[in-house]
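Next come two complexes built around chain A: one with chain B, the other with chain C.
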Partner chain A sequence: MTTQTEVSTAATVTSETSFGGIPMMGMQKVAMINGLPGFEDLHNFVLAELEGYAPFCAFQSVEQSSISMLVINARLLSVWTGIDIPPRELAILGLEESQTAEQFVILKIDHGSQEFTANIKAPIVFNPATGVANQVILDNANLSVEHSMKNELT
Partner chain B sequence: MLILTRKSGESIRIGNNIVISILESSSRYLKIGIDAPKDVAVYRNEIYEKIQAENRAASASTAQVNQLLQGLNKKIKSNLSEKS
Partner chain C sequence: MRVTQSMMSRNLIQNLNLNRENMNGLQQAAATGKEISASSDDPVRFARAARYRKTLAQYDQYMRNGNDGIGWADNYAMVMNEFQNLVVEARNVAIQGSDAAQSSQTRLVLANRIDGIIEQSVSIANSSFLGKSIFSGTDTRNLQPFAYDGVSVSYSGNDSKMTRRVSEGMDVEVNITGSELSAASLFNSLIDLRSALTANDAATTASLITDMDVAADNLLSLESRNGLSKSHMQMTQSRIETAKTNVLSFLSETEDANLAEVIMEYNAEEMAYQAALQTTSKAIQLNIMDFIR
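Right, the complex of A and B next:
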C-alpha cells in the first residue's frame, strides 16, 4: 500500500522536472527492476498523465529530477498489433498473460524531421498490481528504435 | 579482460549458475549457448548500447518535447476558438 508520505515525495520531485510547466495527474510509482538502459542506477520512477496532453504521459525519475521521458501506451499504436511480450519477460515481472501487462513506448524528437519517433524495439512493461517494471528488448529485427509517429498521431 | 581459448563443445562457467557453451565455430562467426537464471538479462551488446543511447537521447529531448506539446496545444485551442 502506498503511504501519503511516499506520494508527497513523488509529487515534490516531479514538480521540479522538465515537464514542470505541465500539470501531472494520476501518478503511479514504478520500480524498474534493472534500472533503465543508459540510466542503470535509477530504479524509481513515476508514470503520470500530462494534463491536457492525453494520451501522452511522463516517465519521470524520482531519484534524479532532470531525467524524464515522454511515453505513450503502446496499445494505442497501430504498429503494436500482433506484438507480444515473451512469457519469460512477463514471468520476471510476476505476470502470466500479456493482457495484464501495461506496455509503454518511449518517444523522442527526431533531430532531422522534428517529429516524434517511438522506440518500439524496447517497450517498458509494467505490472500495475505490483508497480514493478522492466524495459524489455524484443528480439525482432523488424522493430525499430525510431518508429515514426507521423501516421500514428493522425 | 580475462581471455580464454575454447573449442566447439567446450564451455565456460561464470559464477555458480551461468554457463556459456561454444556450439559451433567457423572463420566468420561463433554460435554460443547461454544457460542463465531467468532473472539474468542477456542481450546482444550492440543492441543494448543502442537502447542506452536512445533512452539518453529521449531524456535529452524532453525540453524540446515540452515545447512541441505546448505548440500542439496552442494550435488545438486556436482551431477550437476559430470554430466557436
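Right, the complex of A and C next:
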C-alpha cells in the first residue's frame, strides 16, 4: 500500500492554472499546516512535475487555481549540502530525521535580470507519508531568499 | 454560394490580422517579460496580480516599521547597557564606602563620585534616537524629560507607549518610558547612596549595596522585555520576508515566468503568421492574367 497521497487525474488543476496547458504528472497532495506565508488562507496544494520542464515542479493551490509557484527539489541544489532542518520543525510534521523529509524551494524570476533565484532560507518541508508540510524559515544568516540558480542549473 | 476573389482575399486578410493581433500580444509579452500587460488579456488574473502587488506594498511598509522598531530596540539595548555599567560602578563605590575603616573624608569623595554617576545617568536618560527622546513616552520632542536639581531626579515625559505595526493587526511596543525607568529605582538608590556617604553612614551604605543589585535586576528586566520585542519583530520580519518572496514568486510566475512557454508559443504563432502571410500574398497576387492562362 502506498502511503503517498497522489492525485489521480491532472484535469482538475491544469486547465486554469498559471502554468496554462502544461501537463502535470505525479501529483501529490500537500496540506500546509500553517498555510503558505503570503497566502495564509490557502492550505491545500498539489506538488506536481511539469512535463517537459524537469526538474522544475509546480506547487499549485487546489483552493485557488490561479495561485501556483515554480519549485525545485532542494536536494538537487549544490548549495543545499549540509543544510539541516531543525528537529523541532521536523517533529511538527511528525518526522524524526531530515532524510525522510521532502524539501522543496520556491523559485522566482527576477523582474529585471530575468534570473532564476531560489528561496533557500525558507524551504517547504514535506512529510511524504502524511502529506503535511510547512514552510520552514531557517535561522541561518548565510541563506538567502534570492539564491541565484545560475550555477545550480549548469 | 460563389466565393469571389475579393471574399477570399478579405478572409485571408482577416486571418492575417487575427494572427498579427495574437503576435502583438505575445511579442509584447516576450519583450517585456510580462504575460499580463492589460486587463483585457485576462481580467481575473490581472485583478489578482494587482491585488497582490498592493499586498507587496503593505509588506514593504511592515518591513520599514519593523526595521524602525528594531533600530529603537538596538538603541535601548545600548543605553541599558550603559546604565548597567554605571550601576556596577556605583555598587563598587558602595562596597568601598561600607568599609568601617574608611574616613568621613573618603566617604565625601565617594559621595561626589556617586553624584557624578547620577548626572551621567540623567544624561543617558535624556538620550535621543533619530532626534527623538527615547524615555519621554510619546512626547518624543521633549528632549530633556529628566532633570536633576542636585537633590532629586524629576520626570516630565508621559507614560504612553510607542508602537510599530509590524504585521497585519500586530502592533509591537517599542519604547521604555521614563516612569518605567524611574520605577527601576536606579535614581532613588543612587540618591540614597549619595546621602548615606555624605552623612558618613557606613551601615546604611552597606544596606544600599542590595538596592544597587535590585536596580540592576530591574534594569535587566526592562532589557529583557526590550530583547523580547526585538526578537518578536525579527521573527515577524522573517515571516514577512518569506511572505513577500512567496508573493513575488507567484507574481513572477504569473507575470514573468511563463517566459519559456511564451517564447515557445511565440515561435509557433510566428510560423502560423508566416504561413498565413505566404498564402495571402499568393492569393492577392492573383490577377486577371491568372484566370486566362
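Descriptive notes on the structure:
Keep this in mind: the second predicted complex is superposed on the first by the 142 of 154 C-alpha atoms of A that agree within 3 Å, B and C clash if a C-alpha of one lies under 4 Å from a C-alpha of the other, contacts with A are read in each partner's own complex, and residues count from 1 in each chain.
The definition used in the following text is that a contact is a pair of C-beta atoms (placed from the backbone, for glycine too) under 8 Å apart; a residue touches a chain by one contact, two chains touch by 3 or more.
Not measured: the values here are computed from a predicted model.
In the superposition on chain A, contact of A:Gly26 is made with neither chain B nor chain C. By the touch criterion defined above, A:Pro86 lies against neither chain B nor chain C after alignment on the C-alpha atoms of chain A. Within the superposed three-chain model, A:Gly94 lies out of touch with both chain B and chain C [touch as defined at top]. Applying the stated contact rule after C-alpha superposition, one finds that A:Pro55 touches neither chain B nor chain C. Residues 18-19, 22, 36-39, 53, 66-70, 106-109, 114, 119, 121-122, 135, 137, 145-146 of chain A contact both chain B in one complex and chain C in the other.
Residues of chain A that touch chain B in their complex: 18-19, 21-22, 34, 36-39, 50, 52-53, 56, 66-70, 88, 91-92, 106-109, 114, 116, 119, 121-122, 135, 137, 145-146. Of all residues in chain B, only 38-39, 41, 43, 47-48, 50-59, 61-66, 68-70, 72-73 touch chain A in the complex they form.
Listing the residues of chain C that touch chain A in their complex gives 33, 44-45, 48, 52, 55, 238-239, 241-250, 252-254, 256-261.
Remark: chain A residues 18-20, 22, 36-39, 53, 66-70, 106-111, 114, 119, 121-122, 135, 137, 145-146 touch chain C in the complex.
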